[in-house]
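Once you scroll down, you'll see the structures, which are given as structure tokens.
In the two complexes below, chain A is the common chain; its partner is chain B in one and chain C in the other.
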Partner chain A sequence: MRYFRIFLIHLHRVIENRSRSIVWTLLALFNPLIYLCYWLAVYKSSGSMIGGWSLSEVTSYYLLLSVAGSFLIAHIDESVAIEDIYEGGLVKYVIRPFSYFWDLFFGELSWRIFQGLIGIGILFIIGISFQLLISFVSSPLHIFMTFISFLLAYTLSFLFKMILGFSAFWLTEFRGIQSSAEIILLIFAGFIVPLQFLPTQIKEISFLLPFAYMVYFPILAIQGRLEYVELLGVLGMQILWIGFFACVYRLMWNRGIKLFTGVGQ
Partner chain B sequence: MKRFFRVYKILFLMNLSVLTAHRGAFINHLISGTVWGIFSFIVMILLTYNVRSIYSWSKQDILLLNGILGIILGLFNTFFQANFDNFPNLVNKGKLDSFLLKPMDAQVLLGIWHTKVVSLSRALIGFIFIFYICIHYQISISWTGVLLSIPVVILGIGLYYSIWLFVTTLTIWFDRATNIVELLHSLQGIMRIPPVAFRELNLVLFLVVLPLTIVAATPVGLFLGRFDFGGLALLTTVSFVCLLLSRKFWLLALRSYTSASS
Partner chain C sequence: MPIISVDHLSKHYQVHKKEPGFIGSLKSLVARKYETVKAVDDISFSIEEGEVIGFIGPNGAGKTTTLKCLSGLLYPTKGKLSVMDFTPFDRKHPFLRQISLVMGQKNQLWWDLPAMDTFLLNKEIYQIPTKRFSDVVDDLSVRLSVQDILHVPVRKLSLGQRMKMELIAALLHSPKVLFLDEPTIGLDVVMQKTIREFLKEYNEAYNATIILTSHYMGDVEALCKRVVVINFGHILYDGLLSDLVKEHAPYKIIKVIFSEVVEEKKLNEYGETKSYVFPEWEVRVKHKDANDAASSILKHLPVEDITIENPQIEDVIAGFFVANKKEVK
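Take a look at the complex of A and B:
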């Protein structure tokens, strides 16, 4: 209940800053839609399947990607590194009677839900305007497993971004590592092309990394492209990576907090 | 004009002093600019991996388009980008007043205040990428084509400047939307793709994205020695019209500026 109240407080702040939310949502929508225009032209000029994907599957992928980006990818790293660690904002969290992690988790969740809903609204308008069809999963068990996969994907992305933010305990300049991580995420999470379109070796590497489990596989799940066994495998990999990141998080927090100094009177 | 160059020289030297004073930040910006520059080419290599052509645009043309875009963005980032990035914060915190009160046109002054020499690295990467594409795909380039494409690239930068001015000016009315510049960074993606890719859109949307699509696409034809009078005329007309309209829009918005204390 306590964390639900925290969630509501954050949601209130999110609604207060709705113009920012709209811009962030549009940001998440633009790139997939630009890539979609590109692929539409590629398919229409070549008239064949690419990487075993039809035009409608690619269309559906990019439309879902535009919303999934808003729902699933946490943007907490910069505020953790700069506002909390560099500028000392962490002080106010360590003396509060609740966890820093969960406060940020539910705070970020409120942004994700709000922006995701705006994204769905915009996507709905786009879908109606251009008569674009999106294929969805239909069986109840599949829907349930996809929902779990989305929750795990958000947790995975959140943990990854927290760890990225915690690097500021040791680094004097955070932007370099943030840029590099952003690039890796964009390529290996399937933000540029469906991972199936990548050269074979890069594709195989990407399936082992955690990034594909943050966005790419949840989208395939919602499209209904994954069988139950494959979906179970995805959930397993998500849990595995969450476990790994949770250990890294704990280790970095325990060591980093000893280095942190909050200056004040 | 003489006064403008005097002021520009002072500001440019001031920016260079800042650069040498913060060497750590300089190296960091250099690395991050280079990384993003290389990334933009990786994106196109991935996007064209399974593609031979899009209508009349071959894979080589698309890659070349991105090389030229790299040069355009590198130059734009060097001379204007930091100023536009800073603009929403100036409005939000009421600091625009100090520019409006100075004895020089505020739009011009805001446009030249910061120069980010480090961003030239991106233009350099663009040159290297073009060089690589020309050698890899055995594309022959004529000096006439290269020389003709230089003024067209400048026109493209002018057009891109006016689009940024249009959008950032909106923050005078929507002062909380300080992240609007991120939106424009995101729109760069439109310029990476040949204009033909957008002809599937309806007319209104096509007209909205058209100015962005022709920024880098027009010089590509000239660069390859394919003179397209229609494309050149379109870029020239759209550039001048957008520059004029963005100026009018800026002046209109200034009437609504209230500053932080009002």
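Take a look at the complex of A and C:
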């Protein structure tokens, strides 16, 4: 209950900042919609199926991607690195009897849920306006497993961004590594094209990396493109990567916090 | 038994050193040079429960570093620390529930929301029962006269009002040990006085142990009987503030307003003249001679008004630092 109440307090703060949420959600929608325009043109000139995907499936993928990006991808790395580590904001968390991880986890989760809900609203309006049909999974078990994969996807992206932020304990310039990570995430999480469209070898590599399990597979799950066995495999990979990231997180925190000087305080 | 004990504490940092300019950057690229900065070097002291201690020293002396080590923020390079029988850097929750750190230059309040929202978050974090929370908020907000602005967004508050809210946020869980790093920085004199009085009341009401760093000697003078003077990471003095003043300023200042002009030569027999611009005269006399000198002045000179004052504490401390600078280096 205590965690839930803390989550609610964070959510209250997010609602107070609703204009910021709307702006960020619109920004998150922008890229997938541009890619969608590109694919509409490609389909027009190349026929009805590309890589086994029909135009409506691709459309539905990018529309879901625009919302899933808001729901699932944590944007915590910059504030961890710059506000908390470089500028010393970490001080206020470290001296409180509550885990830094969980405080940020619930704080960020409240942003994701609120922005995701705004995204669903916008998606609904777009869908109605352009009479777009988005296919969803329908069986209760499938919905439940998809929901679990969404939770794990958020946890995975949160841990990844925290680890990225923690690099600031050692690096004096964090932006370089952040930009590189963003590019990798764009490609291997399926933000630019569905991973199915990548060359075979790159696609196989991307399925082994954690990024596909942050956005790409959860979207396939909600579209109903994954069989139960495949979905179980996705959940397994998500848990595996979460376990790995949790170990890295713990290691980096234990070592990094000893280097923390609270500069700016 | 002391509530805080510090035994040979050292905190050293590695700082990257680079020569200026492009060549310096190239050299730094090939072989980086590091220098060890001894922010705190082998200091020891202990503090009893309920004491209010002033940590004083110039910028970079090691005051804040000591405070950060004591509150568990920094991992000491060497030495042993104990605060309420806890090792601070372990940051065990029972320890964190009993301390608070207030930094005058940073805040924990959410900028865009009323302070009450941060208080509610702290209520959950410190697991304060609802009744106790309401009582403490009521008590502290009345003491600091902020009942009317608890629901105003923090960004709309003045610096002084924000500091009051910071103090409430830091004291909601009634900490036994309070670390204050320049709590009155940037505040006007009236607000400084209010904060000092509040801290004094808090110390008396809750028997809280307070460690305070401040560049405003008024804070130290009003709150702390005992001071620890620190510079270059070393403790230069640990004892009563009154003893420090007596020892390092064994004189008083007599200020006189004359009713008519007096020849400067005549004034020298009473003490060391600090300044004389008619009608005001300031003279330094030894502690023990102050009363005799004052009555002699009254008897022999055309005095309209006379006062005997202790020297400014800032002057005493500044003199103390200058005297000890070479020795420490």
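Following the convention adopted for this analysis, the second predicted complex is superposed on the first by the 261 of 265 C-alpha atoms of A that agree within 3 Å, B and C clash if a C-alpha of one lies under 4 Å from a C-alpha of the other, contacts with A are read in each partner's own complex, and residues count from 1 in each chain.
Here is the rule we use: a residue touches a chain if its C-beta (ideal position, glycine included) is under 8 Å from a C-beta of that chain, and two chains touch if they have at least 3 such contacts.
Bear in mind the structure is a predicted one, so any value in this text is a computation, not a measurement.
Partners chain B and chain C fit side by side in the overlay (superposition on chain A).
A count of residues in chain A touched by chain B and by chain C gives the higher number to B. Angle at chain A (Cα centre) between the Cα centres of chain B and chain C in the superposed arrangement: 90°, in steps of 10. When both complexes are overlaid on chain A, the residue A:Asn17 reaches chain B and chain C alike. By the touch criterion defined above, A:Gly243 reaches neither chain B nor chain C. Judged by the touch definition given at the top, the superposed model places A:Gly121 against neither chain B nor chain C. Of the two partner chains, neither chain B nor chain C is touched by A:Gly233.
In the superposition on chain A, A:Ser180 makes contact with chain B only, while chain C stays out of contact range.
When the shared chain is aligned, chain B comes close enough to touch A:Ile50, but chain C does not.
Between chain B and chain C, the smallest C-alpha to C-alpha distance in the superposed model amounts to 8 Å. On chain A, the surface touched by chain B in one complex and the surface touched by chain C in the other have residues 17, 172 in common. Residue ranges of chain C in contact with chain A, taken from their complex: 13, 16, 64, 68, 71-75, 91, 93-94, 96-97, 99-101, 103, 105-106, 108, 110, 112-113, 117, 120-122, 124-127, 181. Residues of chain B touching chain A in their complex: 24-25, 28, 31-32, 35-36, 39, 42-43, 46-47, 49-55, 174, 176-180, 182-183, 186-187, 189-190, 192-194, 196-202. Those residues of chain A that touch chain C in the complex are listed here as 2, 5-6, 9, 12-13, 16-17, 88-89, 91-92, 94-98, 103, 172, 257-258, 260-262, 264-265.
Those residues of chain A whose C-beta lies close enough to touch chain B in the complex are 17, 19-20, 23-24, 26-27, 30-31, 34-35, 37-38, 40-42, 44-46, 50-51, 130, 172-173, 175-176, 179-180, 183, 186-187, 192-193, 197-199.
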